[in-house]
Amino acid sequence: MTTAKDLLRHEMMPHILCPGCGHGIVMNAMLRVLARRHQNLDKVALVAGIGCSSRIVGYVDANTLHTTHGRALTFATGLKLARPELEVIVVTGDGDGLGIGGNHLIHAARRNVDLTCILFNNETYGMTGGQLAPTTVKQAFTTTSPGGNTEPNFDAAVLAKAAGASFVARGQAYRPDVLEEVMERALDHRGFSFVEVMTDCTEYFGRKNALGLGSDLLFTQSRSDQEVSRDLADWPSLRTPQGWQVRETQPLGVLHEDRRPTFEESRGLPGYSEREV
Amino acid sequence: MWRKEIRLAGSGGQGLGLAAMVLADAALRAGLHATIMQSYGPEARGGASRADVTLSDQPIANPWFPAPRILLALSQKAWDRFSPKLGADALAIVDLDRVQGAQGANVWALPFERTARAELREKVAANMLALGALGVVLEHIPQEILAETAQSRAPKGFGQVNRTAVARGWQLMGDALGGIAHVESVGP
Amino acid sequence: MAVEISTQQLLLGNEAVALGALHAGVRVATGYPGTPSTEVIEYLAEVAPKDVQVHWATNEKVAWDEGIGASLAGARTLVTMKHVGLNVAMDAFMTSPLLGVNGGIVLLCADDPGMHSSQNEQDTRYLGKFAGVPMFEPSDSQEIYDFVRAAFEVSEAFDTPCLVRTTTRVSHSRSRVLVQAPVAVKERTFERNPAKYVMLPAYARLGRVRLLDRLPALERWSDSHPFTREEMRSTAVGVVTSSIAYQHVREVLKDASVLKLGITHPLPAQRIRDFAGKVDRLFVVEETDPYLEEAILALGIAVEGKQYFPRAGELTPESVRHGFIAAGVLAAKEGTAQVSLPAPVVRPPVLCPGCPHVTPFLVLRELEAYVTGDIGCYTLGASEPLRAMDTCLSMGSSIGMAVGMWKAGLKQHPIVAAIGDSTFVHAGLSALVDAVWNNADITVVILDNGTTAMTGGQPTPEFGSNVRGTETPRVDIAAVCRAIGADPVVVVDPYDVGATHRTLLAATRSHGVSVVITSRPCVQAPKKLVGRRYSVETETCVGCQLCMNTGCPALVWDLEAEPYENRRRVRIDQDQCTGCTVCSQICPQSAIVPSSQG
Amino acid sequence: MSKRELISGNEACALGALASGLRFFGGYPISPSSEISEILSSRLPRAGGVFVQMEDEMASLGSVIGASLGGLRAMTATSGPGFTLMQEHLGYASLAEIPCLVVDVMRVGPSTGVPTAPSQGDVMQARWGSHGDRGTVALSPASVEEVYNLTVHAFNIADRLRTPVVLMFDEVIGHMREGVELSPPAPEDLWGRPRPAGAPGPDFRAYAPNEQGVAQLPAFGDGYRFHVTGLFHDERGYPTTNPDLVRQALERLERKLDPIPAWLPPEKYHMTDADFVYVAYGAVSRVAREAVDRLREKGVAAGLYRPRVLWPVDEAALRKDLAKARTVVVAEMNRGQWVQVVSQALPPAIRVVSYGKTGGEPVTTDEMYGLAADLNLRSVKSS
Amino acid sequence: MAPRLPKQGNVVVAGVGGQGVVLAGNIIADLCLGHGLDVKKAEVHGMSQRGGSVSAQVRFGPEVHNVVVEQGSLQYVLGFEWAEALRWMPLLAPDGIVFASSERILPPAAQRNRVGGDVSYPLEFLEHPGLRAVDAETLAKEAGNPKTAGVVLLGALSTELGFPVESWRDALLRWVPRKALDANLRAFELGRAWKQAAPPKDLRPQRTRSALFRLELEEAWCKGCGICVDVCPERIWRLDDLEVARAATPERCTGCRLCEKLCPDFAIDVVQVQEIDLLTRTGGGA
């Protein structure tokens, strides 16, 4: 049966991502999901923007399109409408997808084109050297927020849901099986599915915020879901009367799923039914 | 006129950026001209990172060069990446333990990291040891200026370590050459 | 109000110490928790009237200093500690006999042969002789009561501190005690007497002479004292013994003559010579070191002992019997039919479910740090599966050893000292000053659970209450560390795996002395804490066992569930789980969730 | 040698901007210009300015225009793909006469190209990138020190003539570190913006040009409530479709840039008797100068003509300066862009040769020297 | 025959820290004292309570000297946990009796063989004539409070240790916490009516299948990030001095694939080599 490794372009490997980069883990999970769904990726298109996460499509043996910064969703919309039978997956980063590409994200969600958008959120612009990103949390240090970031950050999942995405989920590099399950359901979903994946940048963001290297980031990333942090907050604390402030928590798994007519259905476009799932 | 194109190559975190700044700054203090072209972006990650330093007694028009006259390689990946492009008359200094398979007439393999770890208790000082060795071959930057620059630009708490490392590197290379034999200048 | 103890009740050895002291009119009692001596102070705090000062000290040396101070000020004083604790107090203990006393002062020191809960089984009797103080060795609760009362009298009579030495078996056994009426103690107060109390060399030399003059008088006192009991039976075999060994001998050699020594310094030399003369063959049966045997040989009396009886561990009826069989005194026991029995289960003590010490050790293991450990529950961090502690010597030595390792040039991995909050206040403070003074590149992790957990959860200075639970000023450890000069000093929640990871990582990478304080209350003591319990969603668990690396006893294999790819899935024992959430944060499958009925 | 420091081109640009009184930077990360924004992100707030990282390049120039209207000296820094996104707002700033500085650190294009390799491929885009006929200002430094100085001049030009100015240099100049000694401009060398003539009131004309043909716009919030639009507008700034007013405004906007070439004359090196002239700018001019020296040693009358202002071009001055040359080699790191300006300006008698090097590797002295040696030079047409 | 009033003897109560062993010891000691007997009791405190083995030895008689029980002279063992009861059997007198609760508390140390998955915990052991298995857990639940399992066992012991029932109940009244008194009394009665528990299930169900795994590394792709080193539950992976991952103890691999899934560079493959039959230790190819 096909394995993730079979879907790689071996002549291109090893890839350029830094040692311990979370993106590699997410790519690993994505290829395992695809390996379960397809013998080969003839009927799969990976469309990516510009940035570390977008470079991974180059290493996948599929129809891969490396577009311009922030604009992947526009190219993907055209490709999907032209060839509805293709399973089109858009790979974007937090800078590429929420920074320069934010406008296209909310419109793609509104249109509900049958695409699956996987946003790699490592809270920084990795490719250009660790600058501030729309998802960088407050007080975090980056090369363009040397005094600590003061801007509030997006919650990508909430934004996508508000813009009309009919499937919204969040995964974590540290929890590959949860991530695979979430991606599987996203690909099965008819309509715009948005998956935000918490991953991390070891070379810049990790180093500047003393979060450590690969595995250290994975463990610090193991932010738990709401129940655990609520439990921790109301436990008796020893020294600090106000107890430990509740850590910022991201609920994981499928956060929203509803069935709305996709753009293709509302237009009555042909060829829609051929897409076998 | 005297001109030397030098490439300092190794893996990320070995302090090559700092070594380039120290070398170029020492050249300025010795009355020479110097330029640096640091690699960055995807190449700098995933292992091989490099800094190209050009030294000359005349103003330097082009800081870029296709292949270096002197290659300093502190990691296997760097040696594998940059040694094929070396010219016949080029000269190479490599770390004995970290680089295997570096032979050739004018290739010197010296135990920079091992000496740094054993004598200076700081593995990361290998870059300054390598700089000391380089100083011998360049013959245009006095050891005192190189050591003094290495100390002044050292991160907090590493000043003395850097100074000793340069001197020790100078000695390592001197011994390898069998006393301070004159190295005829390479290239035009 | 003194509690009237009916003869009906069994008194724990340590309770008998407290009672003996109470009835001897003790006014000040202190010490440092240490198995097997802890219960004395706790029981005294319960039964003694409010005007009796009963409270823990921060360590054994301070306790003895307080004791001598109280004694010179006229109060009868009891100080308690375990054997290794006396090592901490030796500096003050050795010189105090030169000062002499005012109010009587008695040191209760409990040895731990067999190391039930200690890092060595040193024989404190040598220290009694070494200090030249009268030393009593009770063998059960009744003798403890009597000896402690007598010790106060002797202390005042001979102007010297007294030592009552027990062992685990004596301190932690219960037996009946007949009590006498408490004695009325005449009021004393402090009289300035620098010549006696200021140990300038000139005065100390006088004190030394006083000590030496006192010994012959003490020997005469010891020789004639009823606490040494001669029980003549068959004269073929005579056994000189003391403490719990006496009990073994009485059970194993029912008809042997026995000279039971209640006072083992100064030894009743004459009584021993007389006894030796009355028997054909003389034995000494004693635990651990040949203290009595050597002394008797020194008196020129032929005696057999340690060639037959073990030096290591506790004496047991079996080892005493084997000894006498080997010596030809007893016939070998006929072989009882040995039924094949299953190998006993290995059940070492483990950190409790939800113990706040687990996460820091998990992280230190990840960092492959060299961890110099200390004495406390967290010493269990060294055992499976945490395996995150490299050394453990004595109270407070973790920081000093870390500095030593750094000075020796250890560089591959970060050097981390792991020390509890109570141990830090006990002997860690001066070590931290030393570390800062040497600008060592080490990290000190203070495992702050607000109690001295290992010995049953006694309050600590930073917890803000004393042994009687009254409010006391709180010591802010973080502020103290900052004042000493450690930088950075960070307090982190050990139940937050991510934060602990980040904090420890940043600390081990900073130069100089950094301090990380993991702060969560102990789940066992002083009161049991339980949050919302967690359980494993069996169908999500893939049996990777990452959670079991925490070593939590609540995480057990699910022997009923279907294995996942031949690997056992995990189940959480709902009775033991305290809801600390650490396993749920570590699980890469998000398979551990709050129990529904939680 | 005096007190020299190892400074990169990008760093010099940031320091030059700070020395010129920069008070606003709106930018977006892009190789190879990120260092400029990274340095300003910490130094600009300390100088009392505002640094903001916008969501993309259009937003960046938009925020710069807004800040400039607020009266601050404002700039952004980008590279090829970002420069392309900024064209619409560059046109807007020209028409609405709003001073600002755009730094373009050129990398190999088109599209994503080679983000970390040098080129001079954006020169024509600077001139014609934005739609419609519009004058444009583009300066080209050739050393780290000159990046610093031209940044100061750029702000001066922008403020005095109320126009966007583009400062263009390639990745090598941006990232190379040289031993340089930067001399900050004296306060009197910093030109201010023309103050509005009349007092606020109904008949105040924001866009009434002064004698240099520059509208003397006040800053928003200074009490002159006035209208700014991207539509063609009359002297009060109100939209107009009147063809005459549109034509007049268009010519005024073009004419007002005329004095620029004179303010920053080109560098003429060994030009007095030269009949073989290299025309080169930016990094290429450095190796051209070295080639001239080597040719002079061989007795060849070689010279270097290095323009510092790429746009606007004073064709007459160009013709006069190169009159005596027999052969003119225009060497660039693109497929021949500024060479079209030179060949259009010079009489056919002078042979103009285009030497365009692409691929991301800088031109070397040996290449330039080799060109001259091959005396039967290729004619311009066949390239 | 009704048990005679005991004159002298010894009892050991054993269990795991926190099960109430010391309390049961006190009740028995109190009982003996009540009958005018001399009693001595040895207890274990401190570190061992942290989930380790705990015991209380009670010796009574006209005059008691030693505190600890000598080998071969132990008359009664009250085991609150199965393995802890078995621990004291070597000291049992020939006619000694062991009342052992069938409750098992699996120590973490008994669950270390993660490849085979078998538990190092003694099989049920019923051959010994003196061993009485009591399902104290169930009876305690019947009595209404699972914490009363110890008192159930005391009830069972009271059928052998012949003190009159009233004195057992008086001792209970004195020592058992007020609010749990009636549950404890019910538990005591249930204990007295104990029946030999059904042979407890074998704790080590025969796991027939297990698998062996081979770890493969694509050396050229490994960048030495160390994630596999830190994440492997069996701590198999190590970085060599050229910063390349090496499997130091591959035989301990349980096939959980965490290293394969969390490797950012696709460098690790976990290949199932063999499915071995645990019983016959023979293997079929993967």
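Labels for the chains are A, B, C, D and E, by order of writing; each one numbers its residues from 1.
Basically, contacts are C-beta pairs under 8 Å (C-beta built on N, C-alpha and C of every residue); 3 or more make two chains touch, one makes a residue touch a chain.
These figures come from a predicted structure and were not determined experimentally.
Novice: Which chain pair shares more contacting C-beta pairs: A-C, or A-E?
Specialist: A-C
Novice: Measuring from the mean of all protein Cα atoms shown, which chain centre lies nearest?
Specialist: Most central by this criterion: A.
Novice: What chain lies farthest away from subunit A once each centre is taken as the mean of the Cα atoms?
Specialist: Centroid comparison gives C as the farthest chain from subunit A.
Novice: Work out the mean Cα position per chain and let me know which chain is farthest from subunit B.
Specialist: E
Novice: Indicate the whole-number Å distance between the mean C-alpha point of subunit A and the mean C-alpha point of subunit B.
Specialist: So the centre of subunit A lies 42 Å away from the centre of subunit B.
Novice: Report the inter-centroid distance (CA atoms only) between subunit B and subunit C in whole Å.
Specialist: About 60 Å separates the centre of subunit B from that of subunit C.
Novice: Just the number, please: Cα centre separation of subunit C and subunit D in whole Å.
Specialist: Spacing between the chain centres: roughly 81 Å.
Novice: Approximately how many whole Å separate the CA-defined centres of subunit B and subunit D?
Specialist: Centre-to-centre distance between subunit B and subunit D: 37 Å.
Novice: Considering subunit A alone, which of its residues make contact with at least two other chains?
Specialist: Each of 14, 17-19, 127, 129, 174, 176-177, 215-216, 219 in subunit A touches at least two other chains.
Novice: Give me the residue numbers in subunit D that touch at least two other chains, ranges are fine.
Specialist: Expected reply: 31.
Novice: Pull out every residue in subunit E that's touching 2 or more other chains.
Specialist: In subunit E, the residues touching two or more other chains are 223, 230-231, 262.
Novice: Can you tell me which positions in subunit A touch subunit D when the two form their complex?
Specialist: Those in contact with subunit D are residues 50, 66, 68-70, 95, 99-100, 102, 125, 127-129, 131-132, 134, 143-147.
Novice: Where on subunit B is subunit D touching in the complex?
Specialist: 21, 24-25, 28, 31, 33-43, 60-64, 66
Novice: Where on subunit D does subunit A make contact in their complex?
Specialist: Checking each residue of subunit D against subunit A gives 28-31, 34, 37-38, 41-42, 45, 51, 53, 55-57, 81, 111-112.
Novice: So in the complex, which bits of subunit C are touching subunit B?
Specialist: 409, 411, 511
Novice: Spell out the part of subunit A that touches subunit E in their complex, as residue ranges.
Specialist: Going through subunit A, the ones touching subunit E are 4-5, 8, 13-15, 17-25, 27-29, 32, 173-174, 176-177, 202, 213-216, 218-219.
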